[in-house]
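First the structure, then my questions, so here it is.
Going by the order they are written in, the chains are A, B, C and D; count residues from 1 in each one.
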């Protein structure tokens, strides 16, 4: 497949019908939560698109993000996606290894300097090279080198976007996110542990079609992260009615009531799970009866127990109150004693008041 | 019974099991408005069912209420797609599947014929080329 | 003698502040509801008469002496300490426009007993030399002469002679071993001597063993009104001494409400020991005689009557049902004023206000409240049981041109006693 | 600090600090009042101080008819916002979970939209109370900085709660975080301002009722 041909030409060569392409555009628009009216625009843009080079770097990660993407069953769509880009380096996926792989990366960088897209999954450890190196190059050095020539960076997964689990307290490796290190390139964060595969591909398509998507405060594309799980949750009516499951096997749980009490982080988690769902739209955690962990939010790992309700304090307040009460008793008793002493001295200073003491003139 | 042979109370009574989001009736109204607009102004309308939060069972209930009408077409385009005209003419249900027959998109379109059902100019052109090739090949052979 | 001084006043306030005071000030949310319970506010609409506002000096001392933050603020110079001028400025609010009626203490939603604190504030005001002239003079007379009105024993003896002659009764004097020692207020001796005759007749009919004392006949206590516990204790002690000397079982408080408060509730606390005799209000005793069947009436009062509850007897003293029992025995047509009993409106002259000439105009102005109450029921006569209330009610009725007879409950009972 | 970090901070160290200050402060305040002591009453009792105190603690919540007539606005608005606060604070399920986390006690809550409506009513009542405080001559004279501060820190959690519930303007973690922070402000100021009347009024009513009860006086 040549990089010089437009997507339209490539598809035509491969005998993909116009109807197939329209179907692809329609489902992509749906996935990206774009209004159906945008379908013709997507079609027109994609058609003229030339395949950009993509370099995918994996640092402190668990390969869950790549798994999420490649194990996704909607193979056709992802195939089409990869037809639209040229994935020149992805060390988990590529056949070449060792210096050959690194050579491929260097070549891609040279050929497309300033134009390629950098995808990163995993967080970047601190100064100690022992934490993670690839081909003898520290993660940080590699990121800085590749990022320098990138047109834009896509940080896939909560680790790349926010530091994720490696950054969880006490953050032994000194892990940081991509945006902690790179300040001079557009960065799109696609958090999630892992992110929804359709969202990864959707963002790539959106990126290729319309350029840098509209991002929120945390660098996430608003199209997928614009609503909280809670806002789009089918169990929301139960929240409003005050009907909650108290445990995983009570009547409420069986009736599908809201999981807020069981620690659901839906209200503060911005992601598309409730609408896009997982496994080709089959279900998502809440539908399976489990509270949202908030995995696509920063520091989700440190937000107290997954099963502790969002409104509750993360530390032991009961104990604090007891300690405070004890401290208050001691301080209060001391203060009270001094007040009593003050009053006693006033009683001691009392001079008997007689009728002669009443007139100020006297 | 209504003219459609459907009890008037069906919409209300067959309301979804599990937690209703309450989105079903508004959706049916959106369809009604779209039909009116088509009749008055010829304006087409598309609803992406993925973009609307629906409780489990609610989508089935919606499809049940829309029913099936006179047209039922299956396209083979990188995985099948079903184009069904519902009980209400000009209300089309379009379901896209991937090659594993999993649903990857579902739309309701209000129009005379969904665009994707029509033959596409590019495909017609390619088809014409193929036909011409075929004919010239036949002539050569002949 | 060191004379009054701000330091003595300030020290007195420090002495007076206790846990209830601290709880009350801590709880006040400045809702202003006490204003609407105070007749000095309702009849003038002047915000300065808001009861809790009258306590500002005391609150300041509490805050700066007995709270951590107040003390800190004072030490850092963030809050201005109390000055003698503050006390001078507050003098008229504390004495002229508060009758200690206790109505504000009833409506306060957080439960503050404002009256309790006014009494404490007066302690500091008096020690600092900021008590009104009229009250000072009355107190001096009470201590030196034995009665705030300056009534001496010969005057009482003259009234007794007159009474014995008019009603053909014996008024026992200094009888050791009598069951009851009967106290009087000087107003009763001077303005309503019929009271002496009335109790003499009632006790004769009911066969009550009683006596007056030539050493301690005065029940009122200016020391409490002015706010000097030392003097109040001295005045109470005179009664205690006599009661113990005569070995009486009980002391009878006269109708005067404030006298009842002084001897019944404040007395033991002032002298610092429990009494070895009982204290009863005359109405309590009369009601007891009624239930024992020892009060027989010859006829009933035909007029439509109402009853004015003296604050210190009813709201602050707890004698509410007894006068009503007696009135229902006495009259067929007894009606209540709106807001009666524990919520009755003060006549406007209690708590030392009547001894304070400076407050005369204000006192009469606030009578409009009582007039408004009376206007709603249209009665033929008012019955009350406090000579101080009676004097002020008479003045008020005259001021507002109302023709209404004013009766003493005890005297009215005496008039209707069965002959035999 | 990201919004998520902020939310974690208010739910964690900030909440612990606020709880400590509130609990210790209240105990100190209580002792500061209680240890001043009071003299025993030497007069012969006519009634029970205990019964009187206990009765007044509760009875004082129901005003007499005359007060309704004369201070109707204060009473009605006061009732509305106090009952509203009670409902919003104690009957909203996410709040009940906080109490459960602190004390282990739990109770049923109300539907969230009822809480929301109550919250709006409560805010309106509080605004009315503020206007009344500024306009009424008595209240204006009595009011000091403390009174306005107390109003503000009471109103703030209702407002931030409303914004958080309806997700107005900012991100959900930020809105919820701000709401919790405003509650923490309330908690920190609780023992040191008039807010503590919620606790001391029981003492005040007790003393008033006990003094009266001892004398056999109705209170």
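By definition in this document, a contact is a pair of C-beta atoms (placed from the backbone, for glycine too) under 8 Å apart; a residue touches a chain by one contact, two chains touch by 3 or more.
Note that this is a predicted model, so its numbers are computed, not measured.
Each chain gets a centre from its C-alpha atoms; the one nearest the centre of all protein C-alpha atoms is D.
Mean C-alpha positions place chain B and chain C at a centre distance of 92 Å. Work out the mean CA point of chain A and of chain D, and you get 39 Å between them. Mean C-alpha positions place chain B and chain D at a centre distance of 58 Å. Between chain C and chain D the centroid-to-centroid distance comes to 37 Å (mean Cα coordinates, whole Å).
For chain D, the set of residues touching two or more other chains reads 28-29, 32, 34-37. Those residues of chain C in touch with two or more other chains are numbered 17, 66, 68.
In chain B, no position touches at least two other chains. Taken pairwise by the contact criterion, the protein chains fit none of the simple patterns, being neither a path, a ring, a star nor fully connected.
All chain pairs that count as touching, in label order, are A-B, A-C, A-D, C-D.
Residues 12, 16-20, 22-24, 26-27, 29-31, 33, 35-37, 39, 73-77, 80, 232-238, 256-257, 274-276, 280-281, 287 of chain A are the ones touching chain B in the complex. For chain C in complex with chain D, the touching residues are 17-24, 26-33, 35-37, 41-42, 45, 47-48, 50, 52-53, 66-69, 105-113, 116, 264-269, 272-275, 278-279, 315-318, 320, 339, 341-343. Those residues of chain D lying in contact with chain A across their complex are 2-5, 7-8, 11-13, 15-16, 19-32, 34-37, 93-95, 97-98, 100-104, 109-114, 167, 171-173, 176, 180. Chain contact summary for the complex, chain B toward chain A: residues 18-22, 46-48, 50-51, 53-56, 58, 75, 77-79, 81, 96, 98-100, 102-105, 107, 115-116, 120-123, 126. Considering their complex, residues 162, 216-218, 228, 230-231, 239-242, 244, 260-261, 267-268, 270, 297-300, 302-304, 308-315, 317-318, 320-321, 323-325, 327-329, 331-333, 335-337, 339-340, 343 of chain A touch chain D.
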